[in-house]
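Structure below; questions to follow.
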Amino acid sequence: MNTFEQHESEVRGYCRSFPAVFSSAKGAWMTDTEGRRYLDFFCGAGVLNYGHNPDRIKQALLGYLMRDGITHTLDMYSEAKQRFIERFHEVILQPRGLNYKFQFPGPTGTNAVEAALKLARKVTGREQVVGFTNAFHGMTLGALAVTGNGFKRAGAGVPLSHSASVPFDGYLGADTDTLDYFEALLKDGGSGMDTPAAVIVETVQAEGGVNVARVEWLQRLRRLTAEHGIVLIVDDIQVGCGRTGRFFSFEEAGIVPDIVTLSKSLSGYGLPLALVLIKPELDQWAPGEHNGTFRGHCPAFVTATAALQFWQNDALAQSVQKKALQVEQRLQDMARRLTPDARVRGRGLIWGIEFSDPALAGRVSQACFERGLIIETAGIDDQVLKLLPSLTISEQELAHGLDVIEDALRATLGLPVATAHAAEPALAQAA
Amino acid sequence: MNTFEQHESEVRGYCRSFPAVFSSAKGAWMTDTEGRRYLDFFCGAGVLNYGHNPDRIKQALLGYLMRDGITHTLDMYSEAKQRFIERFHEVILQPRGLNYKFQFPGPTGTNAVEAALKLARKVTGREQVVGFTNAFHGMTLGALAVTGNGFKRAGAGVPLSHSASVPFDGYLGADTDTLDYFEALLKDGGSGMDTPAAVIVETVQAEGGVNVARVEWLQRLRRLTAEHGIVLIVDDIQVGCGRTGRFFSFEEAGIVPDIVTLSKSLSGYGLPLALVLIKPELDQWAPGEHNGTFRGHCPAFVTATAALQFWQNDALAQSVQKKALQVEQRLQDMARRLTPDARVRGRGLIWGIEFSDPALAGRVSQACFERGLIIETAGIDDQVLKLLPSLTISEQELAHGLDVIEDALRATLGLPVATAHAAEPALAQAA
Amino acid sequence: MNTFEQHESEVRGYCRSFPAVFSSAKGAWMTDTEGRRYLDFFCGAGVLNYGHNPDRIKQALLGYLMRDGITHTLDMYSEAKQRFIERFHEVILQPRGLNYKFQFPGPTGTNAVEAALKLARKVTGREQVVGFTNAFHGMTLGALAVTGNGFKRAGAGVPLSHSASVPFDGYLGADTDTLDYFEALLKDGGSGMDTPAAVIVETVQAEGGVNVARVEWLQRLRRLTAEHGIVLIVDDIQVGCGRTGRFFSFEEAGIVPDIVTLSKSLSGYGLPLALVLIKPELDQWAPGEHNGTFRGHCPAFVTATAALQFWQNDALAQSVQKKALQVEQRLQDMARRLTPDARVRGRGLIWGIEFSDPALAGRVSQACFERGLIIETAGIDDQVLKLLPSLTISEQELAHGLDVIEDALRATLGLPVATAHAAEPALAQAA
Amino acid sequence: MNTFEQHESEVRGYCRSFPAVFSSAKGAWMTDTEGRRYLDFFCGAGVLNYGHNPDRIKQALLGYLMRDGITHTLDMYSEAKQRFIERFHEVILQPRGLNYKFQFPGPTGTNAVEAALKLARKVTGREQVVGFTNAFHGMTLGALAVTGNGFKRAGAGVPLSHSASVPFDGYLGADTDTLDYFEALLKDGGSGMDTPAAVIVETVQAEGGVNVARVEWLQRLRRLTAEHGIVLIVDDIQVGCGRTGRFFSFEEAGIVPDIVTLSKSLSGYGLPLALVLIKPELDQWAPGEHNGTFRGHCPAFVTATAALQFWQNDALAQSVQKKALQVEQRLQDMARRLTPDARVRGRGLIWGIEFSDPALAGRVSQACFERGLIIETAGIDDQVLKLLPSLTISEQELAHGLDVIEDALRATLGLPVATAHAAEPALAQAA
């Protein structure tokens, strides 16, 4: 670790919470250079929905590399990109009745968000975009302007412009539909909020503290934006690719966004890839108007194509729903018994426990790490313990992780820790 | 190609100039799905300085993947990152007497530029940054604000702020030292140009038309910025990693930038990776103040480490110098004979021919493609034919590519085309 | 009028509603070049609180001009300015227990607002300022950024930045305290609203449609801004100088703003003058940091000093309260009888009737003009008929004007018009 | 003065250089409360081109006030405005073959500049405007963005956007035509300078240090802006209304700007008034799109109309030319003898001496004040002694003022001071 402390910038973050040097990983497990194993309830912030190094994707990748498949093509045509587009259309879009054009921006989430915002501005001729309180969309200046976190915003070093923030679902308590406020602003020519080009929304705010938008709220947002000619962008970078159960997180609400951004778990193997899905009538880009060197990164197309196998039938979605229930029940039960004023919320396999003492989440995360479980906090004060296990985790592994959380919570609260849990040896096999 | 025309966004660009579907690649050669081979004088816009899929890097990558080395770690510590940092320090920084901290932003050039600009603003407490005419630094809003291209700037959809553009070396003709102007603005409290946080510069403007800054100009820029407490950022994304002969493009000038951005050829294999090198005293980031999901993309660390082998001795640098001479002489000779008013310029293995008729470069590029050579244009009017062969190309391949250019130029000008060139069969073997 | 149509810019506005060429004026009455007289319920948008050309101010002005008192001094010291400062301190500030420094910016409201915003930004080191829905603060870029009207905002021709708009009192209906929302944003580091340097508020939004903030709301706003170290600016340009009864409109709420802007009726005679009152501890201006040529316009200091006579005792304030009651009762009565769903609101001598049919207000204003009464509309859709009679109007004149409004409303609604009203000849005398 | 020190904001400026309390003024002379008289070579920063309280204007003003001419009309039609428009058209525009629409913004220079910039942006649909190094256009955010002074710019408290600064004539020395640089940027789509909506220029930069643009430079600027469809705004606020000899400062160059801003000496009596002259085809304002309370300030229309008498024949213009020669010769002579490396420059009756020691100008100004002469400094370092006598000053008064300057300069340099000058008693009569 000396290397890092000496040479890596102070900007490094997660390594401070999880001070191990990781070496290999498989399925739900990570191993450090000293051979210690950690169950992963973080999944690289949602990048590893299919677990670490899943074999069926790995084989496709190795095969491509071994035959000297072309690695880098900018936005020239490649066989790998062609296969990905065709399969994604066939496996994901067509069965859902969706029709989108594909834009591959630079291979990170923030690049996808920047592209989406540019396009919405071009298509509408307006400049303002609206994001929500506690949203997270990225760190480059365009995306940061619709990100809520004040600490990260201040990092811009310049004022963030051409954007406004309105309250997310539930922000003002259960009794207030926050879209009443947004609608009032939109309808009133004197509101001081210039009509926006776009609204960008996460259906579940992951970084923002596992805030879950209700289906009715999303539906009303879709109606409102349609009525006012505003481009609706769903940023599905963290909670798309099956995180909430179905491939897209907005499917449950039955809405069709104008633009969708995907990244993180899209390549299925941790390789950088990003995708902007655009309604055909909005695809008003001029050739080369937005670019980025690594927008044609073929190994990621190969793994992303292989990952689509997970979506050829309903098995994964059903398994997620089952495990979601397992997590929800266990967390509710745990909260009821140990921290009755904590709030448990989530969808699919993203769950959060918000404790009344904001400092508790961080201490529990630390206690989990000591017990071999990687789990992060979220929310502006890191007040939410965030569960983000892989979708392919076994029920047994999941149960083990939940046991660890309970142990860690008990220990942190100074309560006696349970002695008998699901046996760990079995878990080792699962990897 | 139907797939792309039907489903891919209109934003796609290079594929319109080079309408082939590429399948595999090796060394200096690319092969399309119909088995046609193309000599690559473009190298994915500078990503493939070591050629396509170089074997010594490929073996390292395959080994890592096969042993289930961890793929994705955000900015947690990993063995792969540790080895990269240590080797880069040992092979690149130490021998050059350089001392920089390492920041790994999102793995694209524009993310690195955004990080560098943010940090310069934080450190100085100023907001304005200065770029140069015809600069190219990226497509996200922060980087785009210091990019010169008006078409790409307009794509922002919002006015680009907190930046100013001053003339690059040679912009006002050979008789004017453009830094006289910049210095006048800096010294004059009434100039209307707020003192900048940073100046960002490419030593050779690649996208901007292969504009080469003189060594003396770079040295004066370093002095000027130092005198005024301005952070000097060298964006070495396209012309670093050996493109101009030495590892960093600024070595020839003997200057030490405050911040250096690297990406493109850094991973050596086309995998996305970016690096911001920061003078230790400027490393004033707070933990997590800037982040990005794929900033810990281990396969790229593995290939980047393997690529450092090329820099353990002087062989590559010397070979580049030799080939640079070969290119320069051939281009000068070709220009003298065929287009006497064309201007030839370059350094290392980046060269440009600017024709007096701006449309000529595009037509020659097209004629090259028909003859199996991939070569791009650059400059605001695509008026410059840009040669960007891999550094590892053989002299024979290089000669062949230059022959093709001459043939294409002759054909475009309506002149008879030479019949006898270096034999192509030999080249086939080289791949 | 040919002169105007031929030579004056299309930007001219009020003249389109009131197409007469005015020549002279006295008290509550204006006379056009054809000798037609109009009762003035508009008062030059609040500039003429003491009526047209009030004699006691006029004499002071004539005396000054006749003795060649200096007219223009920039911000050099002048006898006229000295007397104004001393008298304003003595008559207005001291009796109210207020202690403010005086800044004289350029002599218009928008210049005062720009100065106030600059100073708040300087003092706090923050850039964002917050205004309210339907606020009006001026047309220069800084003031326009906190003005709600979308049509006027679009006139900027650039996006308006460094500002945000939050809902004014009553914006979301009587049941919602809009400061709940603002407080939530302020407390939440993830709200996406950067902590503002200042909040700028009108206690009664005049242009915005005669929206009256409740005393409790103003008090809470004062507490909230104090708690968060935010500069509270009360823009009293239109409803200060006695419009709501007391000299400052915020007196009723018992709050002390950090900065107060005054203009319009400050000079008491229609001469341009503006004043920024600043808490001493916030007076962190450097000499000359903000300037403006006409900031030392002595005739206006002379009339403004003379106007302070109105405030040496309580008579004017009491008379306003009495007339306020007269207006309120008459409007409520009129609305109850003729347009039961109209909303009547106001304070002091600023009153509005908001009809359910937004077009009605404009038609009534037009019918009033035809009947010799000048009365304007307000609100984003001109949906509010706005009464702004002079404070010195007689009860008889006031009654006459209210009669005209009722006649005009009846005529517009197609109802029979009353025949007997207070006799007009008597009014002629009053002038 | 205690009053000011105790109650007036620290922002006050000129009073610190000229610490007298002024009471009355006439012609070229000001008198303080202690009866001391000062010859005025400053003229309220160019507001008093016709001297203090000129009788023929004064009579018109008194007559209007005494007959209760209407004072304030917003932008309703008034007799006073009508007469001004008609006379200005007849006396100024028609004889010069000019055809402009009249816009009356808020009555200060900065309001006029804001209106002009807004309109140029609206007409062109572009956002960027270009100003020149050391320009001064006002203190509100829009005008400040094209003002060069870094200290005043910093006062904005926000970054100034949508503007760029290019070098004024002579900025890079006599050998460089600075428009070569501007033209290069305009022609080059990659220059990083977005095509501007407008260029705003002062023909003589008064605040900026009496920098005089050459006629050829202005002509080329007019051609360049016309070629690129850029609105050319001449800001004639300080050097229009005869300051350079003819009514408009640009007449000598024979150019026709698209928009002209006037204020300062427009009313001729120190009353606030501003005017934007707009080519008819650019008058694309919507009614009320830009407004401002005091845009119909009738006393100023009355004095401005009376001031036009000065322009009914050539007498004033000729007298200015004669006095210009007197000033130039005396200053050149004085410089040659006393400070050979000082630079003397000017046009009409605006002149500057730039000393090689920047601190000298301030010390000379101070010594002048002690000798009863008001004279200011200009330039970013206050390095220029600026002469701005009234146009109606007598040659004898002018000679006296120049004598005082020479005495003050000699005293400051430690040289013996001349004893015999033009007698002062005669001057007393002139007032």
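General observations
Going by the order they are written in, the chains are A, B, C and D; count residues from 1 in each one.
One rule holds for everything that comes next: a residue touches a chain if its C-beta (ideal position, glycine included) is under 8 Å from a C-beta of that chain, and two chains touch if they have at least 3 such contacts.
Remember, it's a predicted structure, so these values are computed and weren't measured experimentally.
Common neighbours of chain B and chain D, listed by label, are A, C. Greatest centre-to-centre distance from chain D is found for A, with centres as Cα means. Our note on geometry: chain A versus chain C, Cα centroid distance of 50 Å, whole angstroms. Chain centres here are Cα means. That of chain A falls 32 Å from that of chain B. Chain B and chain C have Cα centroids separated by 59 Å. Contacts with at least two other chains are made by residues 127, 151, 158-159, 161-162 of chain D.
The touching residues of chain A, counted against chain D in their complex, run 158-159. Chain C makes touch with chain D in their complex at residues 1, 3-4, 7-16, 18-26, 30-31, 33, 44-45, 47-48, 52-53, 58, 61-62, 65-79, 81-82, 85-86, 89, 101-111, 114-115, 117-118, 120-122, 127, 138-143, 145, 151-152, 155-159, 161-162, 197, 263-264, 269-272, 276, 278, 283-294, 297-299. Interface residues of chain D facing chain B in the complex, by the touch rule stated above, are 127-128, 131-135, 146-151, 153-154, 159-165, 167, 171-172, 176, 180-181, 184-185, 188-195, 208-209, 379-381.
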